[in-house]
Amino acid sequence: MLTVKLFAALRERLECASLTVDATGISRVSELKQVLAARSPKWQRELSHNDVLCAVNQQLAASDMPLQAGDEVAFFPPVTGG
Amino acid sequence: MLTVKLFAALRERLECASLTVDATGISRVSELKQVLAARSPKWQRELSHNDVLCAVNQQLAASDMPLQAGDEVAFFPPVTGG
Amino acid sequence: MQPRIQVQTTDFELSEEYQRLRDNPACGAVVTFTGLVRELVQGNLTGMTLEHYPGMTESALTDICQQAAQRWELGSITVIHRVGSLGLNDQIVFVGVAAAHRQAAFMAAEFIMDYLKTRAPFWKQEHTTAGSYWVDAKTKDQLAAARWHTSEAEG
Amino acid sequence: MQPRIQVQTTDFELSEEYQRLRDNPACGAVVTFTGLVRELVQGNLTGMTLEHYPGMTESALTDICQQAAQRWELGSITVIHRVGSLGLNDQIVFVGVAAAHRQAAFMAAEFIMDYLKTRAPFWKQEHTTAGSYWVDAKTKDQLAAARWHTSEAEG
């Protein structure tokens, strides 16, 4: 399984903070995004924004980052702390 | 009269913190320096250092700054505060 | 050098953090930055909520401090970031750097703030009399952080 | 904006100065710089004496703060400089700047320190186990101050 986390505006708009996804057939972040986008047009739309950031195991990661079962993958809008 | 003040290493080496000089015939800082340099070879030497700074009425000033009776003129080494 | 990193809902005391930073006889310079909740230009802000990504936050801040310590000679670094509900004029973030020389302390504090603003997983939601809004990321902050990549390439 | 300028033999409290600076709802950023008496590399410093030019000191510091306020949008500025006898790790100088945005606060604090180091009439005499020496002016400080002339010409 992969654990997926969502934060801030993304969490609010998708009404979901965390879910698990079967890791079978998912080898990269881009493939996980496709699987999530298939859930509904809303997921499709929210995850397709250019500025959505991704972290794999709590490190910022690009779309081609390889994934394996057990990974924690987070999607979130640009950060605005400080 | 002109009031002359000396600070820090310059005050110590010339063993003088303050003196007054007759303003007659002194129209610029450079002329005051010549009058002071005539006091002794030590004064001549100390005031001829390139890095000696000058303030007229408590504002940094160049050698060609005009002077008039009543002015306060200070000579001092480069500043080292902060 | 082990940075002091705190992510907390409670407030912090600048004087305590400063005492910790200055307690190093080799350091001649301490620079502190404090970020505060300020009034919006429209003047209708009532407060804000800060969300974060627990776990990633601490590791991102530690990583930023370690990068600063590689770039400049530093004595100690403290970063505190608050999360949860904050009111007007409340303290949000503290960055403190002690170093032998002032240039290193200033540069490191600015660098840490610029990187924190663009790389640490915090999100601000502003509460106003007209509703609650997630704060948009600022291009200005992206540009501020990008300055340091350039000097990295040049160095 | 009227800067707060203090030249004093007594110590100062960072927390009091900070409270004064942050007490402005339009300011989202407070940057402080504190300069401390640090150990010499040789490790034989016992203390120092700071001489100044009373009257000129205050007007030079006021002038530097006014220049900073012309260059950046600032909420308030405090500059405190101690004179007289100081021991190891004692506080020498404080510069605090509050502003709406962090870039202005950082830049102004650095600018004030760079100008203070090269234009305000203070002189340090270090006391060591081997005798007392007037500190030499540093080329590094002249170069740091010169950066701001360049950006003046460019701006």
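For reference, chains read A, B, C and D in written order, and residue numbers begin at 1 within each chain.
Simple rule for what comes next: contacts are C-beta pairs under 8 Å (C-beta built on N, C-alpha and C of every residue); 3 or more make two chains touch, one makes a residue touch a chain.
By chain, with names taken from UniProt: A, B = Molybdopterin synthase sulfur carrier subunit; C, D = Molybdopterin synthase catalytic subunit.
Worth saying up front: this structure is predicted, and the values here are computed from it rather than measured.
At the far end from chain D, in terms of centres built from Cα atoms, lies A.
With centres defined as mean CA coordinates, chain D is found 23 Å away from chain C. A straight line joining the Cα centres of chain A and chain B is 72 Å long.
Centre-to-centre, using mean CA coordinates, chain A is 48 Å away from chain D. Distance between chain A and chain C, defined via averaged C-alpha coordinates, is recorded as 26 Å. Across the assembly, chain A contributes no residue in contact with two or more other chains. Touching of two or more other chains is recorded for residues 35, 113 of chain C.
In this structure, the chains touch in the following pairs: A-C, B-D, C-D. Contact residues on chain C toward chain A in their complex (touch as defined above): 35, 50-53, 55-56, 59-60, 81, 92-93, 113, 116-125, 134-138, 141.
Against chain C, in their complex, chain A makes its touches with residues 5, 7-9, 12, 51, 55, 58-60, 74, 76-82.
Looking at the complex, you find that chain C touches chain D at residues 13-15, 18, 22-23, 25-39, 88-89, 91, 100, 102-103, 105-106, 109-110, 113, 144.
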